[in-house]
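Next up, some structures in C-alpha cells.
Below, chain A partners chain B and then partners chain C, in two separate complexes.
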Partner chain A sequence: MIRRLFWPSFALPGAIWLVLLFLIPTYAVLAVAFGTTDPIFNNPVPVWNPLHWQFASMRSVLHESLPGRTFWTVDVRTFAYVAISLAGCLAVGYPVAYYLARHARRTKTLLLVLLIIPFWVSYLMRMLAWIGLLLPDGLVNRTLMDVGVLSHPYGWLDGQASSVILALIYGYVPYLILPLYATLDRIPGSVLEAGRDLGASPIRTFLHVTLPLSRHGILAASVLIALPMFGDYYTNDIISASPRTTMIGNQINLFFQEGSQRTIGASLVIVLSVVLAVLMSYYLWVTVRASRTTELA
Partner chain B sequence: MKRMRDWWANPWGQPRLLGVITWGYMVWSIVPVGIAILFSFNDGRSRSVWQGFSFRWYWGDPNSSVLHDPALRGALEQSLKLAGLDMLISVPLGVGLAIGLTRWRGFGARPVNFLMLFPLVTPEIVMAVSLLLVFVTLYKIQLGTTAQVLGQVTFSISYVVIVVRGRLLSIGPEYEEAARDLGASALGALRLVLLPLLTPAIFASFMVVFALSIDDFVVTDYLSSNSSTQTVPIKIYSSVRGTATPALNAVATVLVIATLAAVTLAAVVYRILNARTGEKGTGVREIAALDV
Partner chain C sequence: MHPRERRTTRRHFLFSSAGSIAALTGADTLLRAAGALAASDGAPIGPGGIPLARRNFPVTLPIYSDNEPIASGKNTEKGPLNVFNWSDYVNPATIKGFEKEYGVKVKITTFENEEEALAKLTSGQASFDVWFPTVEYLSRAVAGKLIQPVNHSYLPNLKNVWPSLQNPFYDVHSRYTVPYTVYTTGIAYRKDKLKQAPTGWDAFWKAKPYAGKVAILDDQREALSMALLHRGITNINTEDAKLVNAAGADLRQLTKLVNVKTNVTDYTDVPTGAIWLAQGWSGDMAGAINYMPKGVPVSVVGYWRPSKNAVIGSDMIAILRGAKNPVLAHHFLNYLLDNKHGVQNFSWLGYMPPLSVINPDKVIAEGYIPKNLGSTVVRESDFKAGLTILPLTAQGQAEWQDAWATFKAG
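Presenting the complex of A and B:
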C-alpha cells in the first residue's frame, strides 16, 4: 500500500494546488457569470449550484455580439489585429528561426543569446522602450522628419491601429521564434540531403520537405502566441489608449477594473474562452502527442 | 550573375538574405531597449530628447530618483520579493509534480497531467479574472502580496514541470533501478541518484520562474491591493503615458540588470554543475531548445 502511494505522493501537493487555484477558480468564473448581482452594493453574487444558474447576462453579452452591435466591432477588430500580427510574426520569425537552425555556425551561440535576451527583459519594459521612440519628439519622428518623409510629428501613440499591430509583433515574436527554432532544429539534415540528391531544387526541397515537417511546429507556435494576443489589453492601453482600437481584452479589463459589471465581464471571459478552446485543444493535442512519441522513443 | 546563380544553387552556402534578416531582427529587437536604458541616464526630464549624461534618476535627484522615490523603490522591492517567493514555492511543487507524474502509472496520473498543461495555454486575463473572482467570493483572501504569490505560483508550476520532466525522460529509469538493485531504498535512490542528476534542470527552473515572475503583469496587477503592492511592470503600465520622468526608465533598467546578473550567475553555476556530471554545453542551447 505504502509502496503504491510512493510516487503519487510527490505529485499530490502540486496537483492539489492546481485543483484549488486553477480548476476551482475556473468554475468560479462560471458561478459569477451565471450568478446574480447584489442590488444594494452592486457586487456579483456567485451561484455555485448549476441548477440555479441565471443566463440573463450571458444572453445580453451574446446579443451584443451580433453583427452591428457593440461587442461585434470589438470582436472583429480583435480577430483582425491578431491575424495581421500573427502573419507579421511569422514573416519575421520563420526566416530567423530557419537561419538559426540551418545556417548559423560559429555565430549560433551568440545569436541564441541575443534571441533569449528579450525573455529576460520584461514585456512592459520593451513597450516602454517603444513609447520613448514614438513620442512626438521621439527618435522615430525626428528621423522621419530629418529624412523628409514627414513635415510635422506623426501621432503614433494617438490610437493608431498600425502602432498597436507593430507593438504586438514586436512583443510576441520572440515567443514564436524559440519553438519554431526547436522544431526546425529537429529536422535531420540527411532528409534534406536526400531531397537534394533526388534532384529537387532548394525551393522544392523547402516546400516538400522542410515545410511539411515543420507544419505542426508552425501551427503550435502560432497558437502559443495567438492565445495571449487574444487576451492582451496592456499593449493596446500603452500604445493607443483610444476606444478606436479596443480589443476584447480591453473590454474585459474595463468591466473588472471599473468593478461595476463583473457578471458581464465574467460572461465575456467565458465567450472568449469557448472561442479559444478550439486553439487550446489543438495545442494540447500536439503536445500530448509529442510527449507520447518521446516516451516511446 | 553567374556568381548569384552558383550561390543560389549551393544548398550549403551561406544564404545571405536570411543572414541579413536574422541580424536585422536582432538589432530591431534589442536596440529600442538599449535606447530606453540610455535615456535612464538622461540629465533632463525628457525620455526622448538627450540632455546630457547623469545618474540623476538613479540616486542624484532628492525626490524622484529610484533611490529616493518611495513608490519606485517599493515597486522594485515588491518585484524582487514576489520573484523570490514564487521561486521558493513553485520549484519544489513543480519538481515533485514532474517526478510523480513520470513515475506514477496509476489512474489519476492522466487527468493531473492534462490539468498541468492548461495554465500554459490559458490567456492570462482569463486566469487573472478567475483568481480574482475566487479570492473575492469564495476563499476570502485579501488582495495583496499573498494573493499575488498564489497567482504567480499557479502559472509557474507548469513551466517547472516541463523543464524537469524533459530532463527526467532523458535520464530514464535505469540509474535508479541500478541503485535499487544495489540495495538502496526508494527514497534513498531518489535522494542519492535522481536528485543530483536533476540539479541542472532544477537550476534552470529557478531561472525560468524568476523570469516569469519578474515579467508578469496581468495576474500580478489583478491581485494587487493598492499602490504598496505595485510591481515595476504595473508601475510602467500606470505611468508610461503620463508625464513620467526618466526615473521610470531607470527603475526598469535596474530590474533588467538584476535579471541579467542573476541569469549570468545561474548560467555559470549551471555550466559548473554540468561539467561535474561530465556534460558539455553552456545551457544556452538547452534553454533555447526548450519547447514551452
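Presenting the complex of A and C:
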C-alpha cells in the first residue's frame, strides 16, 4: 500500500499548491460576487457561507449579457479583438519560431536572447512606449510620411480598433513565440527528412508534416496568450480610451474599482472565467485525446 | 474624482485591493436603510446617518464620543510625520521648510486614485498622520471614523483662507478639514487647431470636424455632470435616473459624432497636440507650460470655463484618527495655510490655494500664470457661484455608474 503511494505522494506539494493558490482565491471571488458591499466605504464584503449568498448582481450581469444589451456588445467586441489578435500573433510569431527552431544555427542563441529581452520590460512600459511612437508627430507617422505612404499624419491614437488590435498583437507575441519554438524544436528532423525523401516539396512537407505536428504547440501557445488577452484592459485605456473599443476588462475595472456595485464587477469576472473555462476544456480534451493516441501508438 | 487621479500614468499602475472594513458602528441593515431615506429637510442621508451636504443644506459633521479632537496646549511630537497625499501634490521646498522649522522629518506616501487611498486607509495596514481627501469622500471618512476632528487652537492660519471656505457648507465650522486647493472644470483646447474657441459645452457636440481629437474626463461624475449642464440641468448631484440616463444618452451621441476618448491626460495631450478639445481641470492648463513640446509656445493652448454654473472642486487636508503625531499634524496643516508657504506651494503646483492674500489679477500680472490662461485662476466669487460635485447615496451612485457603464460600453 505504502509502496503504491510512494511515487504518487511526490505530487502532494503540487496538489497543495493548487488548492491553496487557485481554488481558495477562486472561492474568494465567488464569495465577493455573491456577497454584499459595505455601505460606508463601498468595500466588498465577502460572504463565505453559500447558504447566505445573494444572486441579484449575477442575475443582473447575466441579463445585461443577453444579445442587444450592454455587456453583449462588449463581449462580442472582446471576442473579435482576441480572435483577430490571435490570428495576427500566429501570423507573425509562427515564422519567427519556425526559423529559430529549424534554420538558425550560429545565431540561435543570440536570437533566443533577443526574444527574451521583452520580458525584462513590463507590459505596461512597452505599451507606454508606443504612445510616443504613435503620436501625430511621432516616429511612425514621420517615417511613413518621409517614405511617401502618408501625405499627412494618421491618427493612430484617435480611438481606432485597428490600433488596439495591433497593440495587442505587439504586446502578446513574445509570449507566443517561445512555447511555439519549444514545440517546433522538438519535432525530430528525421521525420521532416522522411517527408522530403518520399518526394514532397518543401511546401508540402511544411503543410502536411510540420504544421500538423506543431498543431499541439499552436494550441498551447494560443491558449497561453488568449486567456490574458480576454481580460486585458490596459491596452485599450492607453492606445484608444474610446468607448468604441472598450473590452470586457474595462467594464470589470469600471465596476470593481469604484462605486457601490463591486459585486457586479466580481460577477463579471466569474462570467468571464466560466467562458474561458469552456475554452480551456476544449484544449484539455484535445491534449488528453492526443496523449491517449500516442499511448496506443 | 481628482485631477491627480492619473489612472494610466507614467508611474506604475496600482490596483486597489478590497481592504477589510473599518469598524462599523451599528447594524449593516440599519445603515443601508438610512442610506435610502431622504431626510425630512431635503438633504439625502448618507452612510452612518450623516446627511450628505448640499450647497443649500450645509452639514455640521458630528463629533463622536470615541473620536474627539485632541486637547489644546499639548507638546509637539518628535515625528516623523507620515503624510498620505497625491503624487507630486506638495512643493518639495515647502516640505523642506517645514522640516527645518520644526526639526522633524516628513515621510510622504503617495496614491494615484482615491479608491486606492481609501482601501489602504481602511485596511489598517499603514498608519498615517495627514491625508488629503476630497469632498466626495468626506462624509464616508467621518462616518467610518477614519479622520479625527481638528482642534482650532493649533490652526491660527485658518483665518488666511477665503471667508467662505473657513466655514464651508460641507464642513460647517471646519470641524474635520481645512481647505488646500480649488480648481474648476472647463475645456482645454488648442487655439491653433480649432476653427473657433469654445464658448460653451456644446463645443463637444459640434466638434465633428475634429473627430478623434476630442476627449472628456474619465470620471463618471465629471463627464455626466458636463452632459447635464449641457442640457441646462444645474443639479449635478441629482439622483433622478431619468436625468442621469438622458445625460448618458448625450454622451453616447458624442461617441457617434466624434469618437470621444475618455482619459485624464489632458495635461499632456493638449500641449502635445494629441488632443485638440478636452474637458479638463484648471490646474492642468495652469501647468501647461511644463508640457509644451520644443518650439511650441504656450500661447497656443487655451482654457475656457463657464462664467456661471462652473463646476468647482476643492481639496482638503484632514488628520487621520490613528495619527501617531496629531499635534505635529496640526502644525503641518497650519504651515500650509500660511500665506508665504501657500504661495510658494502654488508657484510649483499650479493648483490654487484659497488664500485671501492671492490676488488673481496680480497672479497673472506677475507671470505665475500665462496671460492666455488667465481663466484658470479661481476667485472666491467663482466658488460662491459655482457648483460642487458632492457625495450621493448608494442608490444614486449605482444610477450614475450604470449610465456611465452603458456609455463606456460603446
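Following the convention adopted for this analysis, the second predicted complex is superposed on the first by the 238 of 297 C-alpha atoms of A that agree within 3 Å, B and C clash if a C-alpha of one lies under 4 Å from a C-alpha of the other, contacts with A are read in each partner's own complex, and residues count from 1 in each chain.
Note that a contact is a pair of C-beta atoms (placed from the backbone, for glycine too) under 8 Å apart; a residue touches a chain by one contact, two chains touch by 3 or more.
Here the structure is a predicted model, which is why all the values come from computation and not from measurement.
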Checklist entry - Looking at the overlay, what does A:Leu157 touch: chain B (first), chain C (second), both, or neither? => result both
Item to check | Which superposed partner A:Leu62 touches (first chain B, second chain C, both, neither) | outcome: neither
Item to check | Partner contacting more residues of chain A (chain B vs chain C) | outcome: B
Next on the checklist: By the touch definition at the top of the document, which applies to A:Asp137: first (chain B), second (chain C), both, or neither?
Outcome noted: both
Checklist entry - Given the touch rule stated above, what does A:Asp237 touch, chain B (first), chain C (second), both, or neither? => result both
Checklist entry - Which partner does A:Ala129 reach: the first (chain B), the second (chain C), both, or neither? => result first
Item to check | Partner chain(s) touched by A:Thr70 [first = chain B, second = chain C, both, neither] | outcome: second
Checklist entry - Can A:Leu254 be said to touch chain B (first), chain C (second), both, or neither? => result second
Item to check | Residues of chain A contacting chain B in one complex and chain C in the other | outcome: 32, 44, 124, 128, 135, 137, 157, 234, 237-238, 241, 262
Checklist entry - Hey, which residues of chain C end up touching chain A in the complex? => result 7-8, 10, 12-13, 15-16, 18-22, 24, 28, 31-32, 35, 47-48, 113, 115, 118-119, 122, 140, 143-144, 211-213, 215, 218, 220, 252, 255, 259-263, 272-274, 293, 394, 397-398, 400-402, 404-410
Checklist outcome for this item: The chain A residues in contact with chain B across the complex are 3-4, 6-15, 17-19, 21-26, 28-29, 31-32, 44, 46, 92, 95-96, 98-100, 103-104, 109, 111-133, 135, 137-139, 157, 170, 173-174, 178-179, 181-182, 185, 192, 196, 202, 205, 223-224, 227-228, 230-234, 237-238, 241, 249, 252-253, 256, 262, 265-266, 269, 272-273, 276, 279-280, 283-284, 287-288, 290, 294-295
Checklist entry - For chain B, which residues count as touching chain A in their complex? => result 8-9, 11, 14-15, 18-19, 21-22, 25-26, 28-30, 32-33, 35-36, 39, 46-49, 93-94, 96-97, 99-101, 103-104, 106, 108-109, 112, 114-119, 121-127, 129-134, 137-138, 150-151, 153-154, 157, 161, 169, 186, 211, 214-215, 217-218, 222, 232-233, 236-237, 240-241, 248-249, 252, 255-256, 259-260, 263, 282, 284-285, 287-292
Next on the checklist: With touch defined as at the start, can you tell me which chain A residues reach chain C in the complex?
Outcome noted: 32, 36-45, 70-71, 73-74, 77, 124, 128, 135-137, 155, 157-160, 234, 237-238, 240-246, 250-251, 254-255, 257-262
